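Sharing a structure, written as structure tokens. Questions coming.
Labels A, B, C and D are assigned to the chains in the order they are written; within every chain, residues are numbered from 1.
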């Protein structure tokens, strides 16, 4: 979180700020007003709330402390749109975000505009100190995180509707191609892409964690040494076809594959498949942001919990990677892939024969977040930022597991090799998938 | 539920149908689109759902069975907007009504228009049999019931918002008058309107229940004999001032006043006052459909549960009336009072000195529904209607208590002396209040 | 609750006190120490708790106020063994009664002995006023109520054990007879005793409720007039065979038979049969106080909720009686039947051909408590006793339904025609069954 | 888990088996029969269940597979006393262990005797293969674990009783000494033992995990390299006095010290102090196995959750150690301290001035389990044992945190430097305490 900006970077930063804010609103273009309001479970926030909260972040951490002339129009928004920063004040109860109908969507957009103007003015003014630059940069990354949350949360909201509404007519375009139809038709006898190759890595003492001047979150620091035994990573993600084989082998009916808490969760919630898989007239379908479509066996599996990822790995005779293994392996890999800017809005199938070309890892960035077996914890020597901003990451370091690499809902400019995402082991509504690892 | 309509009544019925449907939409005029969507607790339904469900009722029970040429545009609405008629099919889960964002408000209004046109055409056609007339009449009353539910539910939704939004700028107009301000200012030393007078009634075998040709619900029949001991009813409703005295006397802190289940409810939910009372800077206020206003001691108390009504009555040394006592007493009383058409949207204070004028009961109709001590049960010889319509009333005859007389949210043309409303003993979000009774 | 005892009745009362107390302990003879301790659900109390609470009742309401020389050995028992008398003090939480291991069973028996001695001494002393007599009499009836609770609660505790332990080797002796074996074998083709006869009663204004000097609870008073339409009662109880026909006809799978709250309960708890019915290798069995035995089709059905009783009655095309109908019908019937003193410990089958002998009602007393459709409410003019004893009955008059006639777990000297038992509509662990009624 | 026993070790193993089994029964000597039965929360098991389950372990994993002539007397015990080994069969529901009254305590002791005889015979027979030796050894360690669970669980059961019964008259003997009384009296102005010294350790690549032939659990293997930065450990445990300072500084009222999930837990359960602290007439007391005693400020704090340990460490400006840091530091330390064989049954205060004597760490073994910040996870290369015994450890490697060093409830022969205990972050009923760490 520590880049130092030269004064002449103000214009560039302002442009990035505008572009990021505009992209948020572009993501909302397909929405009806009603879609902005609903909270379909406690983990989900209404889109309206996200739009206001991203704005609140800039108002609370940039404008209020640094913009001398800024006058908040709505003092009560400080309370309404605080997510969890106790140092700012007691937040409005998370589970009631979906009970609010005011401020309206229109008013929230007006709030965004007012804060946008405030930030623009501040960045042009002589109050634009390096600390302001840092805070705006943090706010941009915060907004990008919430862009993905908007997609995750909207998908969950829309999925509750028996009409299976699509988020956007143009979304998930690929599923209508003849290739996908063929793949879906072949559910009963999955013709997989062949088993994944396992790419080996040597035992050594490595360094992991962020280094350099570019932006990163505090939880990626400090860079530190860690010893790794020899290991191997699968060259590709686990596909729907791979996962269906687990399911068809009684994966959800046999406690032996599961962590104890995982099995209890399977039984309590009667899990029988990934979150959005649906059996329609005997054929597996998947609810996507383009609506309900036949399950495409070649695409990476998505919307599985840590428990399911771990159980699949045990059933496969493999294991999940640690986050250090993943990070070391990702170093030479270009940050390229299927990101939110591609607007494909679902993970992408590898081209046929992709396993054969060279020794490289594929799908490391984008497509789906990859569960690691690592509990989310402080790096040795970690110190959270002082004040409310220090609540950003550190206080969640308990009972969560790390995911790496970004997804089809992540911005290309947001992800990096050291980036640590984290969710509880039972969570399924984010875009989480699986890459296998093994001891070498 | 049994009026027979002569064929020339079609035009009158069509006019009533149009007026009722239009009044529903008038009630929604102050709303923002967002207000239509939210379900703030399982008992509450989103306004959008009510608008669609009232329409579903006409479509399901009139158009589908009787209008030969009617083509439903959306078959899935039969499932989405069924409330609880198992004979029609398994309804969409009640607790998830607030998760639906589609059909949108605009689409629901279009659905209303289509069904309105269908009903109008049917009533003008030669398919307009007496049974059609009866079903349309039932649908009108059903719609009026839901008009009150819309107001109850909206009030609950808006009350969850810390901004205290008003349903309508013009609503609850009286609270700004100097008289109300004075009354509110006097909270510490309530200057009540004097104790209520108790109007006596003789012991006798009375008949209660519906008779005659006018419309009524099946639960008001058959008319039957019941023996009543001598009793007396208070000439007026219990006011906020009366109730505040109970509260200030430790009413919510002393188990001795309460039913066992009532006391458990008080403790579980930490009840300290009626649902919408709020202590602001040491002074009691009330959230109303016009927003948060100082508590007006002269108005009838509202939004109390059966448990609170019963506890207040015990504390007063009185009791609640039975529904038979209430009905017998109401017979000579004109159906006049503060109804939804008055648009006052809160109970009205009696004029000063009103206790002195004659022997009559006041506020029997309108203002607030009056809790009785009677469990909601079948009248002797009761037979529910056959088929799905028979699910309207009978299956709720368990663990509910009867309220009588209508409220400020009820239509003047909907209420009658034999009308039986019913809610569980802990419910507070409807417009329920208290009239005391006593043995003579 | 108001008999006046002449001073020379002290000896008789003391004898009844001793006999009642001794019978309690006789009921506990088959128990292991472990059986005294467990609370298998919140409604259930450990036997140890019952033994102490019955004793607490005499100590709190007789010895402490009236026995000048009585010194409680354990002041903390006042708190530990108070059931729900808030006027005595805040009771120990009901749901934690099963967490207490001390005082031990042995200590509780010692407590009983000490209080027994205190009561004996008081009754012989000149402090034995009429009020003392009344309180002791009340305590005797209270003890008899808890004797039945001991059996109900023990049955529930033991039923949780997959070993199906019997309460007592000698209990439920009849099930081993060849006749019962034959009846059980015939489950698939129930050879019922023939349909019940319906005994008619005329419409009239009747008086119900307690009259005279004999003991009764306050909830049976005052005696009052009530108008009844003509009605009829089945001459016998509903049998397991009758009920099995309902079950086999899909009774538990069809919402149309059920109250709305009843159907929700069936779905929530996955009810498929009465509480203690168990399907073993395709044949219905019943867990009884003698262990698991084949279901005897001729015995009255037991352990059904109000919801099940009501659903069965609707399916039968009949209804449940009101409590007034039951009481009027019971007047000429001798208080005879299958009571706890018989130690049969399950309901008894009528002898073959019993329907043919005369016009009388059978099984009105004993066997199983009979659900009525009447919500438990105050009789007109009811006044609870002053002080803590007034909490005995009145505060439960909400969301409960009345049962009449006593069961195989009730004392012959405890039951009477006006006796009102009451339980929530979903309760099944007491000895509740069904008698059908109909309009005449 | 891998010692190989020479055939002549049978006698020694049999002696250890007998001693361990006898010690279990010695721990139960102070109990009343009633104490054996109760389950005061789902985490707790009744003592009766523990006694049977330890025995079940030997029966299931030793006698059934290896003792040709062994005839189980009670086949149903396999189901009743299985804790969580799904490979053995679906266990009896954990939450219902407290509902069982049979087999009785006496029968459970008979079951123990029968299995003891079986093991003795097997060890003397020629069927006593190395695998039998290993299984018996595992069973001994399993029994020792459950000895500590018996004490933890009993303490929780007895603590629910408002009579504050003592587990044993002789337990926790020290609290009556004048020194303790003085320390307790000084609560308001804690005279601490001085701040702890921090003992430094160098950065290096260390090896941790089990090595050698002695017994260990599978989760301690394989031994593996891990890189540690320079760090320091406090020379002593955190005391009640230290912790009271945190509490008095508003520790439980300020979200800033807490993990997000920790703060939610504090609010949900209204935590205000460690589990067994109780404010009596303004003075802190502690419920111990000897009953309720004044809080002794010099003793180590006990019964704190991971959340509390972590919050205390943040408040102190320090942190918790990792399990690798703890293990490396413990290497030179003799396994000596306050163990269950000492029968002190509470953590012991260090002698005054103990901080001054040399550079050594104190209280590393015994007294209280020390929370580490390490999530319980598989060591690199970990492989669970095959079959049901493989369920012993591995399937709990999720959402639990590691504790090290043993407690006053642990056997001296059970603990070792590599031993990994684990509990969920909210758990407080085990004997868990705090040692601070810091970066060097």
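We adopt the following convention: contacts are C-beta pairs under 8 Å (C-beta built on N, C-alpha and C of every residue); 3 or more make two chains touch, one makes a residue touch a chain.
The model shown is predicted, which means the values in this text are computed figures rather than measured ones.
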Remotest chain, chain B as reference, centres from CA atoms: D
Mean-CA-position distance for chain B and chain A (Å): 47
Mean-CA-position distance for chain C and chain B (Å): 38
Multi-chain contact sites of chain D, meaning residues that touch two or more partners: none
Category of the chain touch graph - line, ring, star, complete, other: ring
Every chain pair meeting the contact rule: A-B, A-D, B-C, C-D
Complex contacts: residues of chain A adjacent to chain B: 32-38, 40, 48, 76, 79-80, 92, 96, 98-105, 157-158, 160-163, 165
In the complex with chain B, residue positions of chain C that touch it: 84, 86-87, 205, 224-229, 255-256, 258-263, 306-307, 310, 322, 373-375, 377-378, 380-381, 395-399, 425, 439
